[in-house]
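Take a look at this one; I'll ask things after.
Chains: A, B, C and D, in written order; residue numbering restarts at 1 for each.
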Amino acid sequence: MIDIEVLSKLFNNYYYFAAIILFIIGFHTMLTHANLIKKIIGMNIMETAAFLIFVSIGYIEGGRAPILDEGFDQIYMNPLPQALILTGIVVAVSVTAYALSLIIKLYQHYGTVDADEIARIRSYKP
Amino acid sequence: MNLNYEHLPVIIVALLLLAAFLEPIVYRHKKSWAAPLVIASMAFFALSSLYLMAAVNYHGPFNYYLGGWAPPFGIELEIDYLAVFLLLTFSVIGLIAIVYGLQDLKHGLKDEVLGWYFTLYLLLMASMAGISVTNDLFNMYVFVEISAISACAIISIKESRECIEASLKYLILSTLGSGCILLATAMLYMITGHLNIGYLNDVLPRVMSHYPNNILISLGFFVVGYGVKAALFPLHVWLPDAHTAAPSPSSAVLSGLVIKVYAAAFLKVFLKAYPREIFLEIPVMEIVLFLSVLAILYGSIVAMVQEDIKKMLAYSSIAQIGYVFLGFSLMGQRAVAGGLLHIFNHAMMKSMLFLAAGIIIYSTGIRRIRDMKGLGVKLPLTMGAFTIGALSMVGIPGTNGFISKWQLALGALDLGRPIIVVVILLSSLLNCLYYMPIVINAFFGVKGEPELEIGKVPGVMLYSILFLGFGIIFFGIYPAPLLAFLQKTVTAIL
Amino acid sequence: MEDLLVRIICRLVVPFVQLYGLYVITHGHLSPGGGFAGGAIVGASMILFALAFNLEAGSRKLSHDISLLMESGGAIGFILAGFVAMLLGQNFLTNKAAGFPLGVPGNLFSSGAIFFFSVAIGFKVGSTMCTLFYNLIEGSDRHRSSE
Amino acid sequence: MNLAAVTAGETARIYHIWPVILPLIPLAGGILVFALGRLSKRIYPLLSFLVTLVTLLSTAGLYPLVKQGDLYCQLPKFMAVGLSFRVDLLSFIFALLVSLAWCVVTLFSLPYMRQEKYSLTYFVFLLFTLAGNLGVMVTGDWVTFFLFFELMTVASYVLVIQNRTDEAMHAGMYTLVLGIAGGLVLLGGVFLLHSLAGHVQISPMMLALQGVPAWSLATILICFMVGFGIKAGMIPLHVWMPRAYGASPAIVNAFSSGAMVKAGIYGIIRIVLLVFTPADMAAKEAFHFAASAGYVIIWLGLITMVFGALMALLQNHAMRLLSYSSISQMGYIIVAIGSAAYLFGLEEAMGFSGAVFHAINHTLYKVSFFLIFAIIFYHTGEYRLDRLGGLWRKFPLLMVFFLLSFGAISGLPLLNGYASKTLIHDALLEAHHYYHTFDIYLAERLFVLGSAFTFCYYAKLFYCTFLGPLPEKYNVNYHTSFLMYLPLALLAAGIILLGIWPNIFIENYLLPAASQFQFYRGGIEHLTGFHFFSEAPLNASATIFLLAVLLALIGFRFRFFWWKPPANLSVEKIVLQPVVSFLYRMLTHLGPKTDNAINSFYYKIASDFLALCRVVGQMDSSLDSFYENSSRKAYQIVEKSRNLEDSLVDAYDRSSKGAYQLIERGQLVDESLNEAYDLSSMKAYRLMEKSRQLDESLNSAYESSGRAAKNIYDKTAKMDNALNMAYERSGKAAKELIVPGKDSTQTSKRKSKVSSSFKINPMEWNIKNLNFDTLLLAIMLGIVFFVLFFFR
């Protein structure tokens, strides 16, 4: 029996739920895929989850964008998390770009982007 | 015009960034100005940190509001004793490392990437300065990310296979750590609505009982996030490869400063943002203590069996960062002061050891410890400095390593934990077992093989490590002002 | 890639995309968007151009030197704009209190220094995106040719 | 300072900078010697002798000041707790002893070192070690003490490895590690003392330690005893001594035995008789603690003494014999210290003066023994007793010196050993007198037995060296420098003077020193005018000699002294080496083993995790089939709706037929219109044709250029392919190249042993798969949360 209250909580906070799912997907991708590019994709998905959580903190049902305009007395959303997450996205983009460039270099050296393969080449087991 | 010293911290960060962005242009168009520019900006950093330390010591800590926005909305910089202490440490060691590096890097790096190296170095320094002074969790996250990327980049700039792989590993793990830090920050923001450390400290006790899970999750994420970045024991896996593969000045900065800055950020978050009552309920500091004890023993034991000198030093770093975390997690006055002192001391010792190893590699190409027999005759000053560093690592009195061990041990005894003293003494013995044979072989080992080819060692490199060696001795014999300052720091934190 | 259609349409679209990007950059304080979003759009337009034609054509439009200069210049401009406030006796990055005039809300020039910040960020982001793209592509190309 | 308070302000405190300068003289001198040694080879030995002479003179010059009271000096800003120096009479005596020994042996080494290869490092580190040794004596707190103690340990390492042979290097490493380990244990004691008492001054602390449980006091005492015991060669910790002495030249051993060992003794005296002095004469617990500690120390000393003597009897190497002799002599001193602690409040002054006096005497005769053997080695190059013999013909003067020292060490009346042994023996008798226990009686008997053994092994040494047949190859004329005999003569003079007039020395120096401690006044007064040459002590001495001669005769007759115990029967082989090697192996294996364990743990977790993932995947496929089913249903619905549509189409058809007819009519109208259009369109068509031709020609031009471009493109693609193939091939080749390259053949023996026993390649430790690294992070996160949740 699933408690109805828990369910309703989950339903009301569906964005947190989605964030957790995204996080797990990302982590799963990072853990299980030996392909380095897939790893980076997983990393991005994970970061997206973090961004989603952050943005959803500032989200208000029915609120409008916080721009100074006529009719300013309406409910508006907290702009701070969005601004912060914009920064976060910049950071994530740069990390991704850097990681990809490293992977290109690694491919030049090893001829593969498979982490297992690289580890196998580096550590030779008799 | 009203430029008083309160603007200095932001000027430091901004000027370092400015210099970092100028560097590629300068290097492309006027190559000979690039090195003086980086030296000048680092010297400015060091001098202004010194001035700031004096000012803060005289006038007391102060806050700085970026853009004139007061804390709950704007980003606040808090320049307290801790911040100036960290700034001074980073700037002085950073200056020495880059002065040394100018010679070494010309030897080890391709010409076209040297300008980028300077950019990355200045970015790294700017971000470390930023982490030291900021009082805002998200701002700290951004600086942490900048430092992570630039730290990875100064490893991978030497495009060898090991460097690339090590830095990719470092990048991925450290990004995971950053993700953890971001999530933890989000958790705290969710329940308090603040990112400012001071406000968090005010609000958290009130919301503690309502949202226990959020606090718990944030604690866990912070421990793992900063733990992986600072190479706390089971999360250290990236460190040995990364610090071994990097060019010597990079290793010195990475091992001496970069892992320390995360430890300091850990201190800031855990002891300044969270109220102390939380640690009575949630045993997170006990976990960190346990891990740091393991780190001390593990690092020393594994360092014993290493063959490559830089790898040995890297493993030793794992043990030494354990000391820092040990001091922080004990949360006593003297213990935290000991941890902070060890940040400073170990920054000096380890950078000097790495730089000395760099000289050895530069002039002879030797990396393996066994080949270093009789090197003391060929490179007397280098090996002499190395000896001072090794003695300091062992904790022989008269070197600064003894002082931090003394402080940590007494801090542990203040809190009634004699077992920590046993750990510290045991690790000193282990340090002796792996540092002393190097020194002994270098000076007294009888060399049977043909004579070594010794390249000429540039004077700048030699002077920089001698300067650090002098610092080790000086702060080993006369630590009183530093200890008094740390006493103030710790009183302000706890 | 030598699809005539793509090239023609690209030629047609790129100016508008860039104009839109500039609009987003300059109206950052009035509508959603700003330096980063607009800069990304401008950068994307250059990437589009380079994809539709080829790398050489793209780099002819925006040479490495210029892009390097813009990249550094954007960041330097941002920091210098921050320093202006300090020279005026206020904290770093201070806007109104430092004497930047705020116009009527809703007008283009109604945000004081933020306008400059947006423009600087736009430059930086746009050129950085181009540089990243070129570096990634050329990095793998250079390897191919050297093998 | 606190002494003064308790003993009714007898000793004044004088602030004086000189105690700080004292250890700095040889330190600075060492640096000077090092600097000059690079310039000229002649000067530096003489210079270092001058430095030791200056040290000796400045130490001696302190006497008028010390007589008035304690000299102290504090440098509060130095190191973490501040350095403090203090010289009272006891420190003065030891400092004088140490600098005297150093000066004399340095004088001896001027001629001796002329041939040695590493003489510059010898002289430099000799001075550094002197600085450490002297510094130990003049410090006022334990941290400063530790500072100089470590300086001595590290600097003396270089003296031990003077020969640079493999044996010497090993012995040196052994000594260094044991020394540093001992220092660290000592440091642990200092930490505990600091945390319990709040300060680390070398002063009575029992007042500050009141209420501290006895076991923690005992822990502190054990830490200190282990630290000092290693230096002093107390029995279970003596193992480094025979090794180091056996491997290093006699002259270095003279320093070590004559002066450095005394640092340990000095420390034991300070910690047992000063720091743990019962502060309040009425505090029973403190008394009890001191007495029981003293009891244990007496027995430690006795074991050291008897065991050392027995081991010395069996040695066949002069240096090793003398090293065991040193251990045995340290046993005497420890017995004296123990009995002093045991007799607290009664006759502790007796044990105290016995200990200090014996330390001084031991320096005098042991240094001369070592110097005698240094001369013998200088000429013959031999320490092994079975290859020496009959040397009295060649070195008659040496034999005289030897006999003098021999008499002194075995306690012949009128020589100095007699006096101190008598004091120690009397202290034991007093203990028996006051407590009347059988163990103490036994201890006293054992003491006598040990003294007899001392005579025996020196008799053996004498016999083997000077008597017997002279080997042929030593039958040449030797020239011995006058400078080598001078130190021996000085020492002999000391032996005789102290032996004939022991009371003068005791009353002028030892008893004032003792009165600075918190000793029972009566005990001190009892000692003034002690009758050394009365009947009882002479009787005891005679007993010892009779027993000794008897034992020696038996030993020589049945050649017990030449019995070689099996090599595996030493303490070192049985206890220490297995323990040390086990520890070392454990340490070196622990790293890889943990690593391995962690690795396999990850593998396990990863495989579990993958299984979990598979379950998730199955869920995914069932979801897929669910989708499929639902889509089939949807399809059926669509089908039905299509039927409906068909009927609708029919209706439309019918209605459209009507519409069709209507349109047909309209078409007729249209046709007529069309014709009119046709005419006009014809003209337009011609125009079009021309434009089309233009277009075609343009098209063909485009096409041909396109084809050419395509050709180029194809070619580059082919090239690309070929390059790819080539690259792949080279990558594979590189892999094959790399793989054997990793199998380094040059791994050291130690490592290969490790790796073979645990089946992992050392190269592999630091190379972990990224999967595992991230997994590690995940596990860590999980563990942290787990702990946090469950232990909250």
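We adopt the following convention: contacts are C-beta pairs under 8 Å (C-beta built on N, C-alpha and C of every residue); 3 or more make two chains touch, one makes a residue touch a chain.
The structure presented is a predicted model; accordingly, all values stated were derived computationally and were not measured.
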Set of chains adjacent to subunit C and to subunit D
A, B
Could you tell me which pair, A-C or B-C, is linked by more C-beta pairs in contact?
B-C
Roughly how many whole angstrom separate the Cα centroids of subunit B and subunit C?
35
When the centre of a chain is set as the mean of its C-alpha atoms, what distance in Å lies between subunit A and subunit C?
25
Subunit A and subunit B, separation of their C-alpha mean positions in angstrom:
29
Could you list which residues of subunit D touch at least two other chains?
727, 730, 767-768, 770, 774
Of all the residues in subunit A, which ones touch at least 2 other chains?
30, 36, 39, 105, 110, 122
Hunt down the residues of subunit B that sit against at least two other chains at once, touch-wise.
168, 172, 176
Provide the residue numbers of subunit B that touch subunit C in the complex, in ascending order.
1-3, 7, 10-11, 14, 17-18, 21-22, 24-25, 28, 64-68
Touching residues on subunit A, where the partner in the complex is subunit D
27-28, 30-32, 34, 36, 39, 110-112, 115-116, 119, 121-126
So in the complex, which bits of subunit A are touching subunit B?
23, 30, 36, 39-40, 43, 46-47, 50, 53-54, 57, 81, 84, 87-88, 91, 94-95, 98-99, 102-103, 105-106, 109-110, 118, 122
Can you tell me which positions in subunit B touch subunit D when the two form their complex?
168-169, 172-173, 176-177, 180, 212, 216-217, 219-221, 223-224, 227-228, 234-235, 237-238, 240-241, 281-284, 287, 298, 301-302, 304-305, 307, 311, 370, 391, 394, 396-398, 402-403, 406-407, 409-410, 413-414, 418, 421-422, 425, 428-430, 432-433, 436-437, 440, 444, 446, 476-480, 483
Looking at the complex, which residues from subunit C come into contact with subunit A?
30-32, 36, 105-106, 125, 132, 135-136, 139-140, 143
